[in-house]
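After this come two complexes, each holding chain A, first together with chain B and then together with chain C.
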Partner chain A sequence: MVAAMSNSASNSAAVAASSWVTTFLERLPAPAGELEAVQWRGREALSRQPLPTRRQEDWRFTDLAPLTALTPALAPAGEQGSWPEPAAGAVRLWLDAPGDPLAGQSLPAGISLLGADEVQQALGHTLAACNCEQHWPVELNQASAPRVLALRVSAVVAPILELVSQAAGDGVMRPVRVLLLLEEKASLEVLQVQLGSGSSLTSLVIEAHLGRESTLRHGLLALGESPACFLGHLAVEQEPRSLLESVWASHGWALSRFEPRVVQVDGEATTSLKALQLADGQQLADTHSRVEFRGPEGQLDQLHKAIADDRGRSVFNGAVKVPRAAQRTNASQLSRNLLLSNQARIDTKPELEIVADDVRCAHGATVSRLQTDELFYLQSRGLSAAVAAGLLKRGFCEEVLRALPAAAAAWRPLQRLLGEA
Partner chain B sequence: MIRPDADTLLEIVDLQARVEDKPILKGVNLTIKAGEIHAVMGRNGSGKSTLSKVLAGHPAYTVTGGSVLYRGANLLDLEPEQRARLGLFLGFQYPVEIPGVSNLEFLRVSTNARRGEKGEEELDTFAFEDLVRERLQVVQMDPAFLERSVNEGFSGGEKKRNEILQMALLDPLVAILDETDSGLDIDALRIVAGGVNHLASPDNATLLITHYQRLLDVITPDYVHVMAGGRILRTGGKELALELEDRGYDWVDQELAVLEVA
Partner chain C sequence: MSSSTSVGDLVSQPYKYGFVTDIETDKIDKGLSEDVVRLISSKKDEPQFLLDFRLRAYKQWLRMEEPDWATLGHPAIDYQEMIYYAAPRQQEKKASLDEVDPKLLETFEKLGIPLSEQKRLSNVAVDAVFDSVSIATTYREKLAEHGVIFCSISEAVKDHPDLIERYLGTVVPSNDNFFAALNSAVFSDGSFVFIPKGVACPMELSTYFRINSGDTGQFERTLIVAEEGASVSYLEGCTAPMFDTNQLHAAVVELVTLDDASIKYSTVQNWYAGDENGVGGIYNFVTKRGHCRGDRSHISWTQVETGSAITWKYPSCVLQGADSVGEFYSVALTNNLQQADTGTKMVHVGPRTRSTIVSKGISAGRSSNSYRGLVQIGPKATGARNYSQCDSMLIGDQAAANTYPYIRSQQPEASVEHEASTCRISADQLFYLQSRGIGFEEAVSMMVSGFCRDVFNQLPMEFAAEADKLLALKLEGSVG
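Moving on, here comes the complex of A and B:
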């Protein structure tokens, strides 16, 4: 009897999920433009692949109800918000601009646009290498993104490239797609700012290929206001002796899920992942990362931090794959969490798959409240309990935020994250 | 400096306190007047550090009896931050590391909290930097420590200097220094003690909590109290500390045993 009931409940959930996808697809304009073929493929895939459910291991802790509550239709070109001036030394591209986001802009020296043929050849390559080209959030983006910002980086680029996109308003979807090809010894620092408000959906897919000895510093500041939702995907292929420094911070989304996937194709590369996610109210902040070493002597340094307050929920799943070919890998992963209310919830899970025998892989996870001794120390210097708690939260966040590209300071991330702005 | 007509700053009467279910303080009596330097000595577990934490308001301790008057007002009614703003200072035995919180910012916020209580103007970033650079000299501290996170990665000696720097900025009326000498080499001890001596005045008082005579070689106490079993067992002048150094604590244990039988 019970089984029958749960069956019928999950059946109706399945029906709701498939009807959400159907409605979503119906509301999209006919495939067109430079990504027409990709859109066709994405829509075809989505129509066969309903929403992920919590019965899938990867989505076990991620309730998609905030997403299915939205009825998004592709957003028209946006209007600029009241954004801060770009920081000195940063070149801002507004990705939702009507027409060409590069119109009237000259790209910094060392960056050029990929031609249509090159885009066709390169787009999706890294997704496939990271084994996620059929991943649901990726297909959602492929089905809908009208264009891609595709850049070749051939030298050390001095200015910080700032990419800004905003999904504002109800029933709006903003798909953003970026492709970066870094040639040998090239270097680029990118700050991506994703803003979302109203019952909007932001879908972000970034692919980056890092040639030998190249460096990509990528910062993502994802600032939302519930009920807005965010699905982000970062796929990176690293050639030997390349360096990836990825930092992301998210706050305010009813649902945010960020999925960095990194493959060190022949090992010998360095990967650094730093993250901060805040969930309060009834928000759900989720990071599922995966780093795979396909050759020896790769390095990973990963720090994931989360604060859950009120009835917020934070999920972290950090997969690290070290197959036999990846001898002398040196990887460390740390998940640090602050649980600030009795009803908040933290799920954190390292997922280490180590076959090679000569490796160092350290991982750890802590979940704690604010430390009594730290609070008391500050109070004994005249700070009220509330101010002391605020200072400790700031301190907790700062460790990640200060790793963001310098241009992020103009957006006052700390104040926004702590609701002080 | 003992002056019979000095104001009483702190008056502890029959103070009893426990942590969880364990009674630690079992009736402490101690009166401190302006201008005085007191030293409390005793073995580990005698209740010395508990006394300092109870006075500062640590939430882990519950007061179960007695009273503490601070300048005539009931200290135990006040939150820890109110006690600090009114001029009670606790120098920690183990100063807490707070990653991500700038030492300079922390010092500024705490200094302004105390200044506000005294009716003085809050200092902006620039005015505060001037003040803090001047006070750094009291403990011969490198200004580079201002830019770091509170106590993070500081050596034992640097942490203690940072404590005395805070004391210099907060200008307390009663400073309780909990084993400030522990973990210091002789040079650091001189610097820290020099800072304490520099800050002592006829208007304020200092309560030193220590195991060892060596701190009292550089800071001369007016009174020495010996603590055991959660009580002050005996009070004397600085010669009492020398006697302890000489005879050890065994006689204290014997006196305590007699007392507890009685």
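Moving on, here comes the complex of A and C:
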């Protein structure tokens, strides 16, 4: 009897999930534009794959209810919000501009747009290399993204490239797709700002290919307001001696899920991933990262920090794969979590898979509240308990936030994250 | 690289305990059905409640699917091709060891566990389980003086049905998982230990399990209950003879501790792991769980896993009583094509509960060794603490070491710490030891011993020696 009931419950959930996808697809305009073929493919895939369910290991902790509560439709163009002036030395591109985001802007020296043929050739290559081209959030983006910002970086670019996108208003769907090709010895610093409010859905897919000895510093600031939802995917292919520094911070979304997937194609590259996610209210913040070393002497330094307060829920799943070819890999991963309320919840699951013997891999995870001895120390110096707690929280966040590109300061991330804005 | 090749040679020792004792066995036809479950129950002359328990489990099992989430690969198991009951033809109870079939005793001698020796020399009571029915139980009178009950489950069902009815299946419910349901339906025998209120068990209790019949899956059921203030240390050790067909072992172990009680459960497992091509070997799918029901109770699991083709085993603690403590110390060695997916679950329910996890995995050959653990802090577990450490040692570049720790916390007044690392036997360390005049083999053995020391320190004296011997056995041999 019980089995029958749960069966019918899961059946009705499956029906609801497939009807959400059907409605979503119906509301999309007919495929058109430079990504027409991709849109067809994505829609076809979505119609075959209903929403992921919590029976799938990868989605076990991620309740998609906030997402299915939305009825997103593609918004043709956005409205510029009251954004801070771009920092000195930063070039801002508004990704949802009505026309061409580059209109009236000249790209910094060393960056050029990819031609249509090149886009066709390169788009999806890195996703395939990272084995995530059929991943559900990616298909959702492919089905809906009307255009792609595809850039070639051929030299050391001095200014910070700031990419801003905003999903504001009810029922708005904002798919953003970015493709970055860094040639040998090129270097680029990008700050991506994703804002969301109302019952909107933001879907972000970034692909980056890092040539030999190139450097990409990528910062992502995802600031939402519940019930807005965010699904982000970053796929990076790294060639030897390239450097990836990825920093992301998110707060405020009813549901946010960020999925960095990094592949070091021949090892010898350096990857640094830093993250900070805050979940309060009834928010669910989720990060699923995966780093794969396909050659020797790769380096990984990963730090994931999370704060869960109120009835918030933070999820971290960090997979590190070290196959036989990846000798002398040096990988470390640390998940640090602050649990500040009785009703909040932290799920953290580092995953280490090693088949090479000459490697140094370590991972650690901690879950606790603010340290009482630290609080006591600050109080003994005359701070009130609340101020002391605030100071410690700021310190906890700063470690990640200060690694964001300098242009992020204009957005006052700390104040926004801690709700002091 | 040459050093790791020779380390590989070292660990590729053939199974030394492979032999079959030729004793007539009372078997039923292979296959599993409701009739078989009833037949097992009637052969054992069981009361109605136990038959109901078995039948309920069997019906639940029929509706369940074999779990596939572990990173294990094995040919599909045909549950209808197995024999679910085999008892050695030893009908009468033996008054002393002299009456026991000498061949059986010889078997134990070969295993290095001479009952008679132990009886004389050590203060260990041994309930030796040969296949599925107990053969000899020693020291029972002495234990009885203290009110301790140590007997086979079958005897306990006859002599203490109230205790069995009260505790059986309360820690691992019959529908807990696929293998637990199978075990609940067809369990043949196992051990029962009951330590009454306030009694510290006067000696360490020990059971040696042994799989002996080619197609007999062994479904042991162990139940240990420690009442208020009681304490016991229980030892379990296993070896099995060499066979070509895979043998299934799906045991269930349940531990219950009431207020201030303590149970220490130690296992050394060295079942046949298959040859270097992965042929043969035991499938070991075990459900072990302890329930700290009372306040300030304590359950400690220590395991040394060196055998089995596949190990699927997560000794767990449900820490319900306030201030209760759970511990898990594990060494898992895999070689050739062995697969071990093992770890623990620490479920913190009560306030100020504490748990410690120390797991050491050694992978050699083409084996795969996974640590999979769960630390769960419930909303009421204020002030709970957990510390986990899992280290892997890789020998050779074809072995896999995986770590999957899950941490879920719902209590801000709790702290959870997890750390994991991986290392190998490095050439420079070996060179150093060799330069000090220590032989290659001994150097490897020393380093492995050192790596596992945190766990060996937790084993009772006699067992620590046996565990050391086991690892040494896996590592000894000619150096290439």
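The definition used in the following text is that the second predicted complex is superposed on the first by the 421 of 421 C-alpha atoms of A that agree within 3 Å, B and C clash if a C-alpha of one lies under 4 Å from a C-alpha of the other, contacts with A are read in each partner's own complex, and residues count from 1 in each chain.
Heads up, the rule we're going with is that contacts are C-beta pairs under 8 Å (C-beta built on N, C-alpha and C of every residue); 3 or more make two chains touch, one makes a residue touch a chain.
Remember, predicted model here, so these are calculated numbers, not experimental data.
When both complexes are superposed on chain A, chain B and chain C end up sitting side by side without clashing. Contacts of A:73 after superposition: neither chain B nor chain C is touched. Once the two complexes are laid over each other on the shared chain, residue contacts for A:406 go to neither chain B nor chain C.
In the superposition on chain A, A:394 contacts chain B only, with no contact to chain C. In the superposition on chain A, A:155 contacts neither chain B nor chain C. Of the two partner chains placed around the shared chain by superposition, chain C is the only one that A:345 touches, whereas chain B remains out of contact. A simple residue count on chain A separates chain B from chain C, and the partner touching more is C. Shared-chain residue A:380: touches chain B; no touch with chain C.
Of the two partner chains, chain C is the only one touched by A:361; chain B is not. In the composite built from the two structures, the nearest CA pair linking chain B and chain C is 13 Å apart.
Interface of chain A with chain C (complex): residues 3, 57, 324, 327, 337, 339-369. Remark: chain C residues 4, 63, 69, 377, 379, 392, 394-424 touch chain A in the complex.
Here chain B touches chain A in the complex through residues 56-60, 79-81, 83-85, 89-90, 92, 95-96, 98-101, 106, 109-110, 113-114, 117, 149, 166, 170, going by the rule given at the top. For chain A in complex with chain B, the touching residues are 371-374, 376-385, 387-388, 391-392, 394-399.
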